[in-house]
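Once you scroll down, you'll see the structures, which are given as structure tokens.
Note that subunit A is present in both complexes that follow, paired respectively with subunit B and with subunit C.
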Partner chain A sequence: MIWTIVKREMLEYLKSAKFLIGLAITLVLITFSTIININDFKQRHQDYLNAQQEMKSDSFRVQVYRPPQVLSILIQGYDRKLGNRIELTYLNIPAQPSGYMGQLTSQHHRYLAGFSAVDFAFVVRVVLSLMVIFLAYNAISEEKTHGTLKLMLANRLPRDQLLLGKFIGGLFVVMGSLVISTIVSLLIILFNPAISLASSDWARILGLLGISALYLICFYTLSLFISVVVSRPSIALLVLLQLWIFLIIIYPNLSVLAAENLYNLPSEQVIEKRKETAFQPYNEEFTRVTRAFHDAVEKGDVPNELALRNVELWSIKAEKNYEVDREFGNCLSHQMNLAQTLSILSPAVLYDQAENRLARTGMAEFERFMDGVYRHWQKLVEWQKLRRIDIEAYRKTKLLDFAYPSETTAYGFVTTMPQWVILFLFSLILFTLAYTAFLRKDVR
Partner chain B sequence: MQSIQFAVLLGVVIILFLANGLISIKKYSQQVSLYDQRVSQSYQNPSTVFFNLYRKPSPLLFMAEGGDKYRPYGYTLKPKGVLDALPSNPLNFKLPDIPELDWSFIIKIILSLYVILLGYASISGEKEQGTLGLVLSNSIGRIKLLVAKYLSILLTVVVPLVTGLVFSLIIIGIFNPKILTFNVLSRVLVMLFLTLVYLSAFALLSLMISSLIHRSSLVLLVLLALWVLFAVIIPNASDVLSQRFSKIPSEYQMAKREEPMIKQQVWARIDEIREKAGRGEIKTEEELKKETDRAFEEGQEGINSHYKNYENAMKQRAATAQNMSRISPTALFQYASENISQTGVKSEEHFIEDINNYADIYDNYILKKVGKLVGTSSWQFSSTIEVNGKSVNIESPNPVEYQGDKSDFPHFVESQTSLARSLRDALFDIAGLIVWNLILASLAFSAFLRADVR
Partner chain C sequence: MANQKPILKAEDLSKRYEDGVLAVDHLNLEVHPGEVYCLLGANGAGKTTTINLFLNFIPPTTGTCYINNIDVTRDPLEAKKYVSFVSENVMLYGNFTARQNLDFFAKLGGRTELSKEDYHQVMRRVSLQDKAFEQRVKNFSKGMRQKLGISIAIIKNAPGILLDEPTAGLDPKAAEEFLEILRELKNEGKAILMSTHDIFRAKEIGDRVGIMKEGRLVMERTREELQYEDLVKIYIDYMRSEPLTV
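Showing the complex of A and B:
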């Protein structure tokens, strides 16, 4: 019996105008955004490769480049916005990458800062979720207004089977559109010879698909619930649309604003003060040694111990500065975490977090890169010290190329567990609510 | 006027406008104190080598922020009118990029959606219930009915809108009454007019679709698809599209050209001079210095213009993106409200115009005090050349700091953009909105006049 309902529901949805319009918009958007994002990624990847080849480091200035992530084609995240080059010396370790032109001149991206990306995540988050609402808003209430609900239940059909059948039927349609759009974008990626996906990327793409499905199920169960509770279909739709705009636009934005205003960041002057105090114990020696070093260079005879101490002190200064900067970075993270905690009830925010994490285009990947940069800088300092201790050994060794350990796919999945669980709980709760409401519903 | 619908709308709008008032007043006072601090610092010990000029925060940021947070808070002016952008005010780059909660956002996204929700059933809904035929069987003309429907939609939105605006203004007035000058209030009125024009376009759109399609759920679907297209997709996707149409080299390619350019434009010329000196064409040290100074300065100007060209190309690309998004009434409304609020791209342009005017005064001042005008650049070059068997150190020239009394240092005054000028800047966008209204109105009327009302 239940499969008869599933089949009927699916056919009903598939031939409806709302499904066709929704699917058409989705496919057009997915196709365009994938093609454009592939081109963008190819350009950034080529630049990255060329930079490594052509803008080489010397023994003083070490260049580190941030690789673009291949999955940013689907989920842009922060990948395009963050800088891609860091210049390290033993005198300085910047807290943030800049553009290829360097810290001072790379400001051109600000002209385009206001525009945001259209990618797979956007299509699922905004367009498909809207389509889901349209599919399911009248699942029960329409039957009731037409009087068919009463007729159906007059047969030997239990209520729970009816609801389950409707749920599964609609679910197939929703999942079908999601899978079709994913396949379209993957085909476009596959037909592009310049882009190769590793097997771990495929696992991650499956993860992206899974979390997208869970996100859409959330909205689907929500629509089902509202459709059971509200008797008139038009009112149900209005309620759902208002919930949609609240959950996707208003609530996440208000929580970011609240986090910005509740958690105050230290000002630039405070940071400067902290840097000064952190280096205070070395200040006197620093002035003495750098002056002595300067004089020795003028004379043309630099004792090794003095040169070594000079490098050491400079690197300590750089490290202290970096530590203060990192502390400030932690403050930024705290603010971000506060915003995320405040908006935990919004499926859209949970979805975004999980997607960014899985596609490696979020903040976690960036922090991982920056940790790698710090370790690389420590190696650079050791190497520079070696030059003052044992010049022969220094000439023989070379500073290794920059690399940072990549995150295992399993770990990526584990860290997104909270989002999976919460989204699943939302769906479960909403379905249970819909179920209990339907059992007690007056079907006449 | 469905009462629950209206109450929700009223509640949401009031909450958003209150939040807008509270947040923007805090942000504005922060920005003003930063600005005052910076300005007083730069005048404490003005320099003839470089001088920082800061942008005064617009008091109308609460109306349309216009990407202000991404803009530099000022420029460093160097001799010969060279400008370097300072960074933007500190921003937490880890937070998701959310649109600023200003009036223009509330109106262009939230209120336009509510207009659709209020208006989608106005014709098709009545028809479904069979009341449309009844209404028209009385002595009410179709045009009259349509106008009445249109006005009722607009009025229903205007009540919460005006309430919200007043709440926002009251909060601003309580915390910082100095903001609410005559200039600001007159701009608020213009903004109100703009809002009405913008929302009226969506009301007409709803009426048109509502008379064309008979089933009101389908009407709503079509309207929402259009809304997503106009309010979300076009304004965001225009950037990526402009990227396809404009062939600007990537930042990396520009950065890569720097080294060869320095070789070509600076060192090649220095080598020429070296050869000349070797042949004995340059005799004295002064003559040599004069030649090399010119070579260095011109070379550096070349590199500077290389960067300038890139920046202009990026500006051009952003402008193309904006122009492409102007198909959407939402984008038109956004740009018009930025102009009215003295934020956005145009206000940046006006600021740079002011700086360029000031640059001449600054250069004259340096000439008067120091005696000569030398350009600065971010690059330092030095080498040695042999003249008459004597090796001479040459260096790229640098501007000199005037050590004497600088109390007569010229002050930089940002010009006031008059309302008339702002309106002129926004003319195209306002005209675009009105054209949208006219087109949609005629379409709505013709659709309704031909609609089968049974």
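Showing the complex of A and C:
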């Protein structure tokens, strides 16, 4: 009996104009955004390779670059938005990369930012979730208004089987749309010889597919629930669209506003003051040593001890500044975490967090890069000190190439577990509510 | 007929809604195989509530409905095996063809063995034109939809049929065709309970006619009795009489 319902439900959806229009929009967006994002990735990757080749690092100045993530083709996250180039000296560690890597030197044409904002995540988060709502808003309410609910239940059909059948049928169609969209994206990627995906990338893509499925199920069960409790389909659609706007746009933005008010960030003056205070114990010595160093340079005879102490004090100053900047960065992270915690009831926020993490295009990957930059700067300082201590040893050694460890796939999955669990719980709760409401529903 | 066991039976059936309205008040009726029972009454008299009680869409406050001697409240799923239902204005699934609609409801009714030809036969029986079989139902007139609705009831092949104002909104020709189908079903031995506003057709088709007012069955006449009485006059007299609750 249940499969009769499932088959009918699937056929109903597949024949409906709303499904065909939704799928067409999805496929057009997916195709164009994937092609555009592949080209964008290829350009950024080429710029990265060129920049590494032409790296103008010398014994004083070192440039490091953040490579673009291949999965940014599907999930852009912050990969394009955050800077990719950092120039280090022992005098300074910038807290932020300086601009988009290659932007000034690249000969490649850049695509419009508006186009590049559309990616797989956008299609799932916005287009497919809307399609799910348009598919399911009348799942029960229209059956009631058309009299088919009574006609079905006049048979030997338990209500739970009817609801389950409708749920499974709709789910197949929704998942089918998601899988088709994913396959189209992947085929475009695979047919592009310049893009190669590692096995870990495939595992992450599976994860992206899984979390996208959970996200859509969340909206599907929500639509089913509203369709059960609201008898008029037009009202059900109105309620769902308002909920969608609230959950995807209003609520996350309200959370950001609330977090900004609840967790104040220090002002620029405060940060500057903190930097001064942090370096206060060294200030007197710093002034004395730098003056002596300049005098010695002018005379053309710089004692090694003085040069070494000069490097040490400058690096201490840079490190103290960096610590204050990092502290500010931590405050910013806390504020962001608070906003995310406050918006935990928004499936869209949970989805964004998980997909950015899985695609390695989120803040976590950026922070790993910045940690790598700091460790590289420490090596640079040691190398500079070696120059003042043992010039022969300095000449024999080279500063190692910049590298930072990427997050393992398993760890990526583990860190997104809360989002998986919460989205699953949302779906379960909404389905249970729909189920309970339907068992008690007046079907007349 | 009377010596056969009734297929549809209401025993001291009452339904009081949560807002206090007594929709059905101690109703007793029986519909035997090969019998058409017409329930007449104004809007809100309790006709549709009675049908809803038979289908277990709402629980009775007191009393019991039996379908094929099965207590509907105790074992609704088993009871529904023995009854078909045709409602007043069923839209069916507009994107599906007539045959697809029939196939779906036949399967829900437990008829999984039927072929395309079986569906065509049933649709021909209710005078649906062949060209309509594979047409989408959203293009159907109300009369065609009602014909398809009755073919859904026929294909289930249940001994009892519940009809909730099935001729409402039909033109005279379509209504007459509909009654002809009911006559055939009656002759096949189906027990038919039909709620209607249509006094003339109730007299024409009904083996027994009951008039409901404020939930009570205030009058019941057999076809034979009605040969000597004017049903219209009886009906109007009951409708004009003082409210029962005063």
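Following the convention adopted for this analysis, the second predicted complex is superposed on the first by the 426 of 444 C-alpha atoms of A that agree within 3 Å, B and C clash if a C-alpha of one lies under 4 Å from a C-alpha of the other, contacts with A are read in each partner's own complex, and residues count from 1 in each chain.
Here, a contact is a pair of C-beta atoms (placed from the backbone, for glycine too) under 8 Å apart; a residue touches a chain by one contact, two chains touch by 3 or more.
Fair warning: this is a prediction, and the values are worked out from it, not measured in the lab.
When the two structures are aligned on the shared chain, A:Lys15 is found in touch with subunit C, with no touch to subunit B. Set side by side, subunit B and subunit C differ in how many residues of subunit A they touch, and the one touching more is B. In the superposed pair of complexes, A:Asn264 makes contact with neither subunit B nor subunit C. Contacts of A:Val118 after superposition: subunit B is touched, whereas subunit C is not reached.
By the touch criterion defined above, A:Leu29 reaches subunit B but does not reach subunit C. Touch criterion met: A:Gly147 reaches subunit C, while subunit B stays clear of it.
In the superposition on chain A, A:Gln53 contacts neither subunit B nor subunit C. Applying the stated contact rule after C-alpha superposition, one finds that A:Gln335 touches subunit B and leaves subunit C untouched. Of the two partner chains placed around the shared chain by superposition, subunit C is the only one that A:Thr4 touches, whereas subunit B remains out of contact.
Once the two complexes are laid over each other on the shared chain, residue contacts for A:Asn155 go to subunit C alone; subunit B is not touched. Interface residues of subunit A facing subunit C in the complex, by the touch rule stated above, are 1, 4, 8, 11-12, 15-16, 145-148, 150-158, 442-444. Taken in their complex, subunit B has these residues touching subunit A: 5, 8, 12, 16, 19, 23, 26, 67, 70-72, 84-85, 87-88, 90, 92-99, 101, 109-110, 113, 117, 121, 125, 216-218, 220-222, 224-225, 228, 232-233, 235-241, 243-244, 250-256, 258, 307, 310-311, 314-315, 317-318, 321, 378. Residues of subunit C touching subunit A in their complex: 48, 52, 55, 57-58, 77-78, 80-81, 83-85, 87-93, 95-96, 100, 104-105, 107-110, 149, 152, 156, 162. Those residues of subunit A that touch subunit B in the complex are listed here as 17-18, 21-22, 25, 29, 32-33, 36-37, 39-40, 43-44, 47, 50-51, 54-55, 78, 81-82, 96, 99-102, 104-118, 126-127, 130, 134, 138, 233-234, 237-238, 241-242, 245-246, 249-250, 252-254, 256-257, 259-261, 265, 268, 332-333, 335-336, 339, 352, 363.
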